[in-house]
Every structure is written in structure tokens, then in C-alpha cells.
């Protein structure tokens, strides 16, 4: 198979696996954080605002890890420099 | 096998595995969060509205991770740029 | 083997594995949520309606993850765009 | 090997694995839910009807996940569109 | 190897693995449910009839999952539509 | 290698693995149930008959899962329809 | 390699793995049951006869699972119908 | 490679793996049983004879599982019927 | 396939897997730290500033590990010295 | 490669893996038994002789499992019947 | 493929995996240490300075392990002696 | 590759893996035993001599398992009978 | 591919994996030790110097294990005797 | 590839993996022992000398397991008898 097809194939597989594996850890981590936040609010209802704020800052940091993966996945599908270079080479060749 | 078939094959496999693996983590995380929410409501019934609100915001953030995977999966099936480029090349060739 | 057979084979395998793996996480998550709901109702019988409502909303969100997988699986079996494109190409060729 | 045999082989393997893997998660989840239900009834015998009702609704939702897998498995054995299309092509060829 | 042999081989392997893997989850789930039922009866001997009834309904639902696998396994050995179709084709060919 | 040998080989491997894997889950489940039964009898000696009865019904249901596997294993060794069909074909050929 | 050798090789491997894997689960299950029995006797020395009787019935049922595996393993080594059929065919051929 | 070598190679590998894997489960089970026995004796020193007797019967039953594996391993090395049959065939051929 | 394609393919796969695997550990670690921080704030609301400060310093150190992976991933996509060297060699050759 | 080399290679690998895997389970089991023995002596110093005796009998039984593996490993290296038979055949041939 | 390409490919893969795997352990370890530090501060607010100092020294030691991996990863990308030697050989050849 | 090289290669790999895998279990077991010994001494400082003696006898028995592996590893490197036999055959041939 | 390239490739891969895997265990171990040290200081602030000293000696011993791996990794990259021997042979050949 | 290269390659890989895997178990074991020592010192500060002595003897025994692996690793890199024998054979040939 030629180079362009191969890069396309590999980009598809990698894009999918990157976001699939990359969503696993953050999901479990967010689940744990939210579960503990609910337990903490039930234990200290008066501290709900402080707990919520800490929770949301934490969720945002965890979400950032999944977004790194999503960004790489999107780059591989829509802005893949290797694909562009090979396409350019093929058209200019 | 030719390039178009290969890209089709790889897109199918990746689309399926992405959503299958990508649903695993969020599902477990949502299960944990819901379970803890129920325990917290049973412990502090008076805080049910605060707990529900925190729970639903949390579930939405976890759901967003699964939706990233679903989006990639749908892109690979219905809006696959590599497939389109190869189809265009084949028809224009 | 020719392109049409290959796409058929891959679609079958992916459809099966997607729903099989995709049912694993939601099943465990629903089991956990239901188990905790039962414990919570036994602890606070007066809050049964609130707990049930929270449980069913949660189960629906988890079920949605399995349904994403089921949708992808059904698309691959009955509305597979790659299969249709190749069939069309074969008949028009 | 020819296309029809290959599709038959793959359909058999996928049908078996789909239901085998797909029964794993729901089984564990149902076991957990039932175990907790028994513990809850032993703790609050007066709430047995509410607990049973919640348990059976929950078991039905978990069972639905296994049934998705069983449906895909049966479709692959008895109503496989790829097999039918290839048989039709072979007979009409 | 020819098509009939291949289908036979694959059917044998899949039939065995389906029931072997498919018995794993239900067995563990039933073990958990029975263990909890015994603990619950020891804790609340007066509720033994209610607990037994809930246990047996639950065991039946878990058993149904293993029976799905056993059904698929038996279909693959004794009522395999692909095998029948290929045998018919071979005899009629 | 010819078809008869292949079917023999595959039947041997599948028969062994089916019972080996199929004995794993029920064994662990029975161990758990028996362990809990002993703990329950030690806690409520007066309920020993009820506990024993529940235990033995439960062990029988778990044993049934292992027996499904043993049945498939024995069918594959001593009453294998594919082997018989191929032997018949070879002798009649 | 010829058919007889292949069947011999596969029978050896399967016989060994069947008993090796098949001893794993029952061993762990027996260990758990015995450990709990010792804890129960230490807790209720007066119930030692009842506990011992329940333990030994349980161990026998778990042992039966390992014996299924041992039986299959011995059948494959010393009473293998496929090996006999092939030997007979070779000698009679 | 010829048949005799192959059977020798496979027998060696299987003999080693059978006892290696087959010692794993019984070892862990015996460790658990002994650990619990020590805890039980420390808790009820007056019951030491009963506990020791139960422990040693239990250890013997677990040891029997490892001995099944050792027997199969020794049979494969020193009384392998397939090896003997092939040697006999080679010498008599 | 030629050298440039191969380097492109390998860079794509590695870039995706590096960030996907590299996000797993930090995500779980952040989830644990945040969960404990919420529990600690609920236990000692007066120490919330100290706890938050310690938490955020810790999250930053964990985040740094994920950023190492993201940096390597970005280097492989956009500043890959091997790709540049090979491109230069190809153009200058 | 010829038969003698192959048997040598396989014997080396199997001898090493047998003792390496075979030492894993007994080591963990002995660690558990010793740990519990220490806890028991600390709890009932007066029973130290009984506990030590039980511990050493138990350790000997676990050690026996590792020695089975060591025996098989030594047999494969220094008294390998297959190697001897092949050497004899080579020298006598 | 030629030597230079191969070294480039292997360096890319190894650089990525080294930092990806190498970040896993330190991340989990830091998460555990930070979580415990928060729990400790909540328990003994007066010891916060001592606890913070111990925590930061510990985090630095764990970070050092990840930095070893990052260093090896960077060496492989930007200061790879094998790549340099081969480039030199190619240019000088 | 010739027989001598192959035996050398396999001996190296097996020697390394045997000690690497074989050190895993004893290390974990020793860690557990030492940890419990420290807990026991802290609980009963007066029994420190008895505990230490029991600990060191136990550690020696666990160490013996690792030494079996080390012995096999050293035999394979420095006193490998297969290597010697092949060398002798090569020199005498 | 020639010998020098192969040794380079293998050295790169091994160097990376050695430090990556080798950092995993020490990282987790240090995390555990630090976490416990923080808990111990919070429990006995007066013993902080003794605890810190014990902790740092322990961390140094764990660090030594990671440094063994780092040393091997560096030897493989910068002082690889096999690479040097082959280079010397190539230049002197 | 020739014998010398192959032995070099295999020695490199084995040396790296041996120390990498061999450091895993001792690291975890040392981490556990140190953690427990800290807990024990916090519980019985007066026994710190006895606990430290027991800890350091234990750490030395665990370290010895890692050193076995390091020794084998160093032997394979710097004093490899197979490499020496082959080099000698090559030079003397």
C-alpha cells in the first residue's frame, strides 16, 4: 500500500485510541472526585461553597488532561502535518 | 487490498472500539458518583437539592468525556476526511 | 479476498465487540448504583421517592452510554456507509 | 477461502463472543444488586416491597444490556445482512 | 482447508469458549448472591421466606444469562445455519 | 493437514479449555458460598438447617453452570456432530 | 507433520493445561472455605461437628470440579477417541 | 522437525508449565488456610487440637490438587503414551 | 514503504499513545488528591486555605508529569528532528 | 535446527520458567503464613510453641510445592529422558 | 529499510513510551503522598510546616524518577549517540 | 543460526528472566513478613526475641525460594550441560 | 539489516524500557513510604526527627533500586561494550 | 544475522529487563516494610532502636534479591561467558 493510505490508516487508528484511552483515566478520576465531594457536602453542608469551588477547579484540571488527548486526536484527523506534507509531495511530484 | 477498502476497514474498527472503550471509564465513574450521591442523600436528606445539583454538574462533565469519544466515532463513520480525500482522488484519477 | 467481503467481515466483528465491551462498563455501573440505592432506601425509608428519582435519572444517563455503543453497532450492521459505498461502486462498476 | 465461508466463520465467532462477554458484566452487576437487596431486606424488613420493586426495575435495566448483546448475537446468526447479500450475489452471479 | 471444515472448526471453538466464558460471570454473581443471602438469613431468621424468595428470583435472572450462552453454544453445535447452508450447497453442487 | 485431523485437534483443545475455564468461576463461587455459610452457622447455630438447605440449593445452581461446560466438553469428545459428519463423508466418499 | 503426531502434541498440551488451570479455582475456593471454617470453629467451638460436616460436603463439591478437569485430562492421555480413530485408520489403511 | 522431536519438545514444555501453574493455586490456598489457622489458635488456644485436625485435613485436600498436576507432569515425562507409541512405531517401522 | 512514510507513521502512533497513556496516571493521581482534599476540608473547614494551597502545589507537580508527555507528543508531531533530517536528506539528495 | 538442539533449547526455557513461576505462589503463601504467625504470637505469646509448630508444618507443606517445581526443573536439566533418548539415538544411528 | 530510518523509528517509539510509562508510577505515587499529606494536615493543623516540608522533599524524590525517564527520552530524541554515529558513518562513507 | 548460538541465546534469556521473575514473589513475601514483624514488635515489645527468631527463620525459608531461582540461573550461565554437550560435540565432530 | 544497526536499535529500546519499568516500582514504593511518614508524623509530632531519619534512609534504599536501572540504561546508551566491540571490529575489519 | 550479533542483542535486552523487572518486587517490598516501620515507631517510640534494627536487617535481605538481579545483569553485560566463547571461536577460527 502506498504512503498516503498508510498515513491515513494510522492516523485514524491513533486518533480513535488516543481519545478512547485518554478518556478512561480522567473519567475515573472525576468520578472519584465528585463522589468524595458529595460525601463531603453531606458531612459539612455549611462548607458547600468552598467544597464546590475546590471540586470545580479540580475537575477543570482533570478535564484538561482529557482535552490534551482530544487535541492530539483532532490534530491527527484535521491538521495532520505528515498527511499534509505527503499530499503536497504527491501533488507536486 | 486497495487504499479505499483499507481506510474503510480501519475506520469501522476504530469507530467501534473508540466508543466501546470510551464508554467504559465514564460508565464506571457515573456509577460511582450516583452511588455516592444516593448515600449522601440518605445521610443528609435536607441537602438533597445541593447534592443533586452537584451530582448533575458532575455527571455532565463525565458525560462530556464519553461524548468526545462518540464524536470521534461519528466523525470516522460519517465525516472521515481521509475517506473523502481518497474517494475524491479515486474519482478524479 | 475482495473489498466487499472484507468490509462485511470487519463490520460483523466490530459490531459484536462494540456492544459486548460497551455493555460491560454500564452494567457494572448500574449494578453499583442500584446496590447503593437499596442500601440508602433501607437506611432512610422516608426518602425513598427522592432516592428513586435520583437513581432513575442516573440509570438513564448510564444507559445512554450503552445506547451509544448499541447505535454504533446497529449502524455498522444495517446502515454502514462504507458497505453502501462499496456496493454502489461494485454495481456501478 | 471464499467470501461466503469467511463471513460465516466470522459471524459464528462474533456471535459467540458477543454474548459470552456481554453476559459477564450484567451477571456481576445483578449479583451485586441482589446481594445488596438481601442485605437491605434483612436490615429493614418493613421496606421489603419498596426494595423488591426497586430491585426488579434495576435488574430489568441491567438485563436489557445483556439482551442488546443477545439481539446482536441472534442477528448475526439468523438475520445477518452481509451473509444474505453475499448469498444473493452468489446465486444471482 | 475447505469451507466445511473451517466452519466446523470455528463452531467447535466458539461453542466451547462461549459457554466457558459465559459461565464465569453468572457463577461469581450467584456465589455472591447466595453468600449474602446466608448472611442475611443469619441476621434476620424471621425473614427467611422473603429472603429465599428474593434470592431464587435473582438466581433465576442470573441463570438466564448463562442460559443465553448455553443456547448460543447449542445452536452452534446442533443447529448451525451456516453449516447447514454449506452442507446443502456442497450436496447440491 | 486434512479436515479430519483438524477437527480432532480443535475438539481436543476446546474440550480441555472449556472445562478448565468453566470450572474456575463455579469453584470460586462455591468457595465463597460455603465460607459464608460456615460464618452464618457460627453466628446463628439455631438456623443451621435453614442455612444448609439454602446453601445446598445454591451450590446445586452453581454446579449446574460447571455441568453445562462439562456437557459441552463431553459432547465435543464423544458425540461431536462435526467429527461424525466428516467421518461419514470420508467413509462414504 | 502428520495427523497422528499433531493429535499427540495437542493432547499433551491440552491435558497439562486442563488440570493446571482447572486446579487453580478449586484450590483457591478450598483455601477460602477451610480458612472460614477455622475462623468459625474458633468462634463457636460447640458447633464444630456441624461446621465440619458442612465444610466437608462443600470441599467435596469443589473437589468434584477439579475432578471433572482431571477426568478430561486422563481421557485425553489414556482414552483419547480421536487418537484411537486415527491410529486405527493408519493401521487399517 | 520430525514427530518424535516434536512430541518430546511439547512434553517438556507441558510438564514444566503444568506443575508451575498447578502449584500456584494450592500454594496460595494453603497459605490462606495456615494463616487463618494461626489466627484461630491465637483466638481459642483451647481448641488447638480440633483446629489442627481440620487444618491438616484441609491441607491434604488442597495438596491433592497439586498432586494431580504433579502426576500429570510425571506421566508426561516418564510414562508418556504418545511418546511410547511413536518410539515403537519408529523402531518397528 | 520508504523511510519518510515510516517515520511519519511511527511519529503519529507514538504521539497519540504517549499522551493517551501519559494522561492516565496523572488523572488518577489528581482525582485521588482532590478527593482527599475535599474530605480534609470537610473535616477541618478552618484549614481550607492551607489545604487548598497544598493541593494546588501538588496538582501542579502531577500536571507537570502529564505535560512532559504532552511536550514529547508535540515535539514528535511538530518538531520531530528525525523527520526534519530525513526530509532535508530527501530534498538535498 | 536439528532435534537435539531443539530439545536442549526447550529444556532450558522450561526449566527456568518452571522454577521462576513455581516460586511465586509458595513465596506469597509463606509470606502470608509468617506474617499471620507473627501477629498471632504478638496476640497470644503464651501459645508461641503451638503456633510455631503449626507454622513450620505449614511452611513445609508449602515448600513441598516449590520443591515439586524444583525437582521438575532439575530433571529437565540433568536427567531429561527425551534428551537422553535423542542423544542415544544420534550416537547409535 | 535502511539503518538510519530504523534507528529514527525506534528512537521515536522508545522516547514516547519511556516518558509515558515512566510518568505513570510517579504520578500515582505523588497522588498518594499528596492525599495523605492533606489528611495529615487536616488531622494535625499545627504540624503543617513539618508535614509540608516532608511532603515536598518526598515529591522531589519521586519527581526525580520521572525526570530520569524524561532525560532518557530527551537524549533519545536530541542527543542520540547511535543516530549520530550512523549519520557520521553515512556522511563519511 | 546454528545450534550453539541458539543455546547461548536461550540460556541468556532464561537466566535473566528466571531470576527476575523469581525475585518478585520472595521480595513481596519478605516485605509482608517484615512489615508484620514490625507491627507485632510494636504491639508486644516484650516478645521481640521470639518474634525476631520466627521472622528470621521465615525469611530464610522465603529466601530459599529465590535461591532456587538464582541457582538455576547460575547453572544456565556457568554450568549449562546442554551448552557443554554441544560444545563437546562441535569440537569432537 | 546489519549487526551495528541492530545493536543500536536494541540498545535504544532496552535503555528506554529499563528506566521506564524500573521507575515504576520505586515510585510507588516511595509514595507509600512518604504517605505513611506523613501519617506517622501527624500521629506523633514529637517523633518527627526519628521518623524523618528512618524515612530518608528508606527512600535512599528504594532510590538505589531505580539507580541500578538508570545505570544499566546509561551503560547501554553511552558505554555499551557490545556496540564498542562491533564498531571496533567494523573499523578494524 | 550472525551469531555474535545475536548474542549481543539478546544480552542487551535480557540485562535491561532483568534489572527492570527485578527492581519492581524489592521496591514494593521495601516500600511496605518502611511504611510499616514508620507506623510502628509512631505507635511505640520507645522501641525505635529495636524496630530500626529489624527494619534494616529486613531491607538488606530484600535488597539482596535485587542485587541477585543486578549481578546477573552485570554478568550478562561485562562477563558474558557465551559472548566470550563465541568471540574466542571467531578469532581462533
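Just so it is clear, A, B, C, D, E, F, G, H, I, J, K, L, M and N label the chains in written order, and each chain counts residues from 1 on its own.
We adopt the following convention: contacts are C-beta pairs under 8 Å (C-beta built on N, C-alpha and C of every residue); 3 or more make two chains touch, one makes a residue touch a chain.
All values reported here derive from a predicted model rather than from experimental measurement.
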Mutual neighbours - chains that touch chain E and chain M alike: none
Rotation, 0 to 180 degrees and nearest 5, that superposes chain C on copy chain M via CA atoms: 130
Length of the line joining the C-alpha centres of chain G and chain K, rounded to whole Å: 47
Centre-of-Cα separation between chain H and chain E, whole angstrom: 30
Chain centre separation in whole Å, for chain M relative to chain K (CA means): 11
Interface hub residues of chain C, defined as touching at least two other chains: 1, 11, 13, 15, 17, 19-21, 24-26, 28-32, 35-37, 39, 41, 43, 55, 59, 66, 73
Chain contact topology (line, ring, star, complete or other): ring
Running round the ring (origin chain A, first step to chain B), the chains in order: A, B, C, D, E, F, G, H, J, L, N, M, K, I
Complex interface listing, chain H residues touching chain J: 1-2, 4-5, 8-9, 11-13, 15-17, 19-21, 23-32, 34-39, 41-43, 45, 48, 52, 55-56, 59, 63, 66, 70, 73, 77-78, 83, 87
Chain K - residues contacting chain M, complex: 1, 3, 6-7, 10-11, 13-15, 17-22, 24-26, 28-33, 35-37, 39-41, 43-44, 46-47, 50-51, 54-55, 57-59, 61-62, 64-66, 68-69, 72-73, 75-76, 80-82, 85-86
